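Listed after this line are the structures, all set down as structure tokens.
Here chain A shows up in two complexes: once beside chain B, once beside chain C.
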Partner chain A sequence: MGTELGVYKTCVSARSTSKEILKKAQDGGIVTQLFAYALDEGIIDGAIVAGPGPEPWRPMPMVALTSEELMASRGTRYNLSPNVALIKEVTRSYGLDKVGIVGTPCQMQAVRKGQLYPAGLRDVPDKIALAIGIFCMENFPYQSIKQLVEDHAGMALPAVKKMEIGKGKFWVYGERGQVVTLPLKVTHKYEQPGCHVCLDYVANLADVSTGSVGSPDGWSTVFVRSKKGDDIWSKAMAAGCFETKPIEQVKPGLELVSKLANEKISKNQKTVESRATFGVNKALRNPYVSPK
Partner chain B sequence: MAEKTKKEDKPVADKITVGHVHMSGCTGCLVSLADNYGGLLTILDRYADLVYGLTLADVRHIPKMDVALVEGSVCIQDKLAVEEIKQTREKAAVVVAVGGCACYGNITRFGRGGQPNQPQHESYLPIGDLIKVDVYIPGCAPTPQLIRNVCVMAYLLLKGTKEQKDLATAFLTPLMQLADRGTTACGCDLIYDVINQGLCMGCGSCTASCPVRAITMEYGKPNVNREMCIKCGACYAQCPRSFFNVDVVNQYEGIMEAIDGALK
Partner chain C sequence: MSKVVEISPTTRHEGHSKLVLKVNDEGIIERGDWLSITPVRGVEKLAIGKTMDQVPKIASRVCGICPIAHTLAGIEAMEGSIRCEIPEDAKLLRVILQAANRLHSIALHNILILPDFYIPGTETKINPFTPEEPVRSVAKRIQRIREIGQTIGEIAGGEAVHPSNPRVGGMYKACSERAVYKMYDLAKEGLTLAHQQMEFMLAVLNNMKKRDWTDVAGKQIPLPKTLGYHDLGYMASHPMYASSNLDEIPGWDPDRWTDVRPWDWYMGEVEVSLADPSYPIGGTSPVGTKANPQMEACTGVPLYDGAPVEVGPRARLATYKNFTEKGTWAQHVARQLEYTDCCYTMINALDAYNPSGKVLADCIPQGDGSMGWAANEAPRGCDVHLAKVKDGRVLWYEMLVPTTWNFPTCSRALTGAPWQVAELIVRGYDPCVSCATHMIVVDEDKRIVAQKLIQ
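After this line comes the complex of A and B, so read on.
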């Protein structure tokens, strides 16, 4: 295919140089570090992130205006955080002119559609200063995560330190050192159905996108995509925010990223196509073709 | 007093002609167009002549025009209004329904007469129920930026190079498809055409776009307070799972630069 990784200017393996950030980061602390740098430099004046929610391991979109607030949003929560819900409000009551936002590939799509076709997003298009996308294979409703962790893994949600999907398994790490893994097969039926028509793995439309796949533990794979992204990334590099390695020199590297991207896209492309003949002479709607 | 005014002696030859037609609307759509500030002046300088618009110019009757920007719905008990929307279709090459009222009826859906001094003025229809509409710009109010983008694209479509025409066509296609889709809108569109279709992925765009905060995200899915909904159609138009034309959106950087460039 060749388009599975989107358009990008550079791709590296990277991690933050801040020990403080790395302490609780999911991987290389890229999102937290890049936003913290952009905040300090006035490149953004706030960022929409997935903050802590009302229940354990349930994210809630929030606007971080300081580095301290950013720190609270570290770590992956494998369930829905509707970050785009705040995209207009940040330009209203929060009064932001230069908005940062982190999100899944579909949320980056929402942001770009919102910039080109703003139906209810007055003044938002010109105020997106830095959109950071995170790789995403699929997502889960909160109740799915609850069921996976509590019923399948037999752990209490508040006692979980970290969750991870990697190396073909769903990993749950307890605060007291215990580790439970579930085969991914178990998780499939709990996936959000809307993810099955998603044709983007590495956040092709972000300014900078990042994820764990391709890089060693504690490091992240980073794609620098747009002019904005390139400008901010180079400045952050010059300011010593990141350690990097050429992606060609790390294992498993881009080959694995491509492989997973292709797997996701071809599987979901089939789902999209099968919707055309879902009923008897009746189709389900295809958003890539029309809103009808 | 006598400020020297200079009439354009050589008007820019290639401008398109645009009119603003005011049906049962609130003029908020026109204010949104005006809220492009300098951008609007640039459009009027280089790309478009405003040949009609009762709010801004003293032209009494609907003239021929390339693009009609129509705001408001049509009161079918008001003969003049019905006459005017038909005339608009005859006189305009491209009819754009601007805003929730023209596209979907919006707040006028709730009109049911009984108020002085025309208690019989009770039935309002979106313009697409009376004439064929080419392009929709939903939203209450529609955003200045989308109106601007459509104006620039309409110019490229009518006056551009082959390449620009192709881009403009691709850009306008989903807005034409929305016009084909129908004349009703509601927060329920998210239920019928997104969630019920297995397409919602919980991004929250709908919540952000709703002008009356009728949509909250509950455990990652939209919940519509239908009593609050004014039926503007913004949420469905904004949802990335209503239309997502990858070919155009993938070029967002270039397109935004081109639009900025055109208005510099």
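After this line comes the complex of A and C, so read on.
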């Protein structure tokens, strides 16, 4: 395929130089560190992040205006956080001029679509200052995560320290030190159905995208994509925010990222195509083509 | 022998209207009818049975220049009916929104009227679209003032056109401290620009007042000193914001209001007998055209103390600040004088506003069918909404919109002017014809008269 990783200027393996950030970061603390730097430098004046929600491990979109608020949103929550829901409100009652936003590939698509075709999004297009995308294979509704953790893994949600999907397994780490793994096969039926038509793995439309795959534990794979992303990334590097290694020198490296991206895209492309003949002489809608 | 001339459509105001004018041999208007020919949308009738939260959002869509007036009057009429007192900080956000919208609306109206006026001391009319100075800087200033008004409105009200933040019981969102600073900075910048723009407009108006004639399509048309005079009264409910039945001393009285049908007020059928193909741009209606203002007018005629009244900036200044001038120029002057008020109002409200304050009432009653009303001082004048809410649903809804009040008043004010400057008189009211045309007129037998017009 060759286009599975999207357009990018550079790709590195990186992690934050802040021990404080790394303490609770999912991987290399890239999102938290980059937003913290951009906030300090006035590149953004707030960021839409997945903050803590009303229930354990349920994210709630929030506008972080300080590093402390960013810290509270560290870690991956494997269920839906409708970050784009705040994209207009930040320019209204929050009064922001330069907005940062983090999100999955689909949320990056929403941001870009909103910038180019701002239907009901007056004054939003020119206020997006930094969009950070995170790699995403699929997502789950909250109820799915509850069942996976409480029923399949047999753990109480509030006692979970970290969750991770990696190395072919769903990992649940308890506060008390226990580790439970579930084969991914178990999780499939709990996936959000809408994820099955997604053709983007590494957030192709973000300014900077980042994820765990390709880099060792505690490190992240980072794609620097746009001019804006490149500018901010170079400044953050110069300011000593990140440790990096060339992606070619880390294991498993880009090869694995490409492999997983291809797997996701070809599997979901099939789903998209199968929708055309879903019924007898009737199709289900395909959002990637114009309606006839 | 009087003749009839018709200007249809009129231009450089919001909406769709026309002028049917009976003129004498000198072309002086003996009796004029200015009427809405905007299709009736019937907001008041379709509101019945809908929720009290939904109706003000529909009413907002009556007009995109002054949606703030309809949103706030609608919501406050509901609050008046259910007897809901909103928190102070919610009120302050509404006042900021109101003033921001008025700022933008006055500036927009400047663009609409400037082509009627001369660069002081010259014989050059002002074309706001010219790239040449001094007009270019004025146009830029106007656009910046509008941008400031729209941005502040967007922050305080959620959206500049059809504000999303107001709701029955207060506001959805409080503004953050950063948002307050942003609005404050913009209001300060706006104040300086508004001062400059006001002074520019007053100079242009004073120059016009001294002129004896104006050029229309290459002809010198005399300008009477009493242009736009009428002997009807005026009505205003508040100098800046609004009044409702929840106020201790309400600024408006529903008992003094009555409504009549267009044919109690307008002319019957006439035939156009005078045409001027050179009237810019495209000429007047051809001779032989039939007009019937009684049947064609798409608004009701609201009366206060049994007579039409003038509403708007001049009415506000006359009511609250002893402003005594009258006629078209005085209306324009009064409107410019409101420029700086808008900015001071915003600055004062921002000073008083507490970003961590409550913006939603603890208790929102669902209503027992009592009548409530709110009179919002829209940019164009007093916008009264009346409502009866029971169990959260609207039982009855009525909108008395500024331009609806002004239609019959302005029609009378046309008398004595050369017909070629009738549009100048109309523009003095900053008409918003979509606003005016929102209702279905019901006659004595309760048949829906306006349906006849639609069919």
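One rule holds for everything that comes next: the second predicted complex is superposed on the first by the 290 of 292 C-alpha atoms of A that agree within 3 Å, B and C clash if a C-alpha of one lies under 4 Å from a C-alpha of the other, contacts with A are read in each partner's own complex, and residues count from 1 in each chain.
The rule is simple: a contact is a pair of C-beta atoms (placed from the backbone, for glycine too) under 8 Å apart; a residue touches a chain by one contact, two chains touch by 3 or more.
Computed from a predicted model, the values in this text were never measured in an experiment.
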| item | value |
| --- | --- |
| Touch count on chain A, higher of chain B and chain C | B |
| First (chain B), second (chain C), both or neither touched by A:Leu96 | second |
| Which of chain B and chain C A:Asp45 touches, first, second, both or neither | second |
| First (chain B), second (chain C), both or neither touched by A:Thr17 | neither |
| Chain B versus chain C as contact partner of A:Arg122, first or second or both or neither | both |
| Which of chain B and chain C A:Gln178 touches, first, second, both or neither | neither |
| Which of chain B and chain C A:Leu65 touches, first, second, both or neither | second |
| First (chain B), second (chain C), both or neither touched by A:Asn262 | neither |
| Doubly contacted residues of chain A, that is, touched by chain B and again by chain C | 89, 122-123 |
| Chain B partner contacts - residues on chain A that touch it in the complex | 7, 61, 79-89, 103-104, 106-107, 109-110, 112-126, 139, 141-143, 192-199, 204-205, 226-227, 284-285, 287-288, 290-292 |
| Chain B residues touching chain A - in the complex, by the definition given at the top | 32, 137-139, 141-146, 149, 171, 174-175, 177-178, 180-181, 193, 197-205, 207-211, 217, 219-221, 232-238, 240-246, 248-250, 252-253, 255-256 |
| Residues of chain A that touch chain C when the two form their complex | 45-46, 65, 89, 91-97, 122-123 |
| Of chain C, residues touching chain A in the complex | 151, 154-155, 158-161, 165, 173-176, 178-183 |
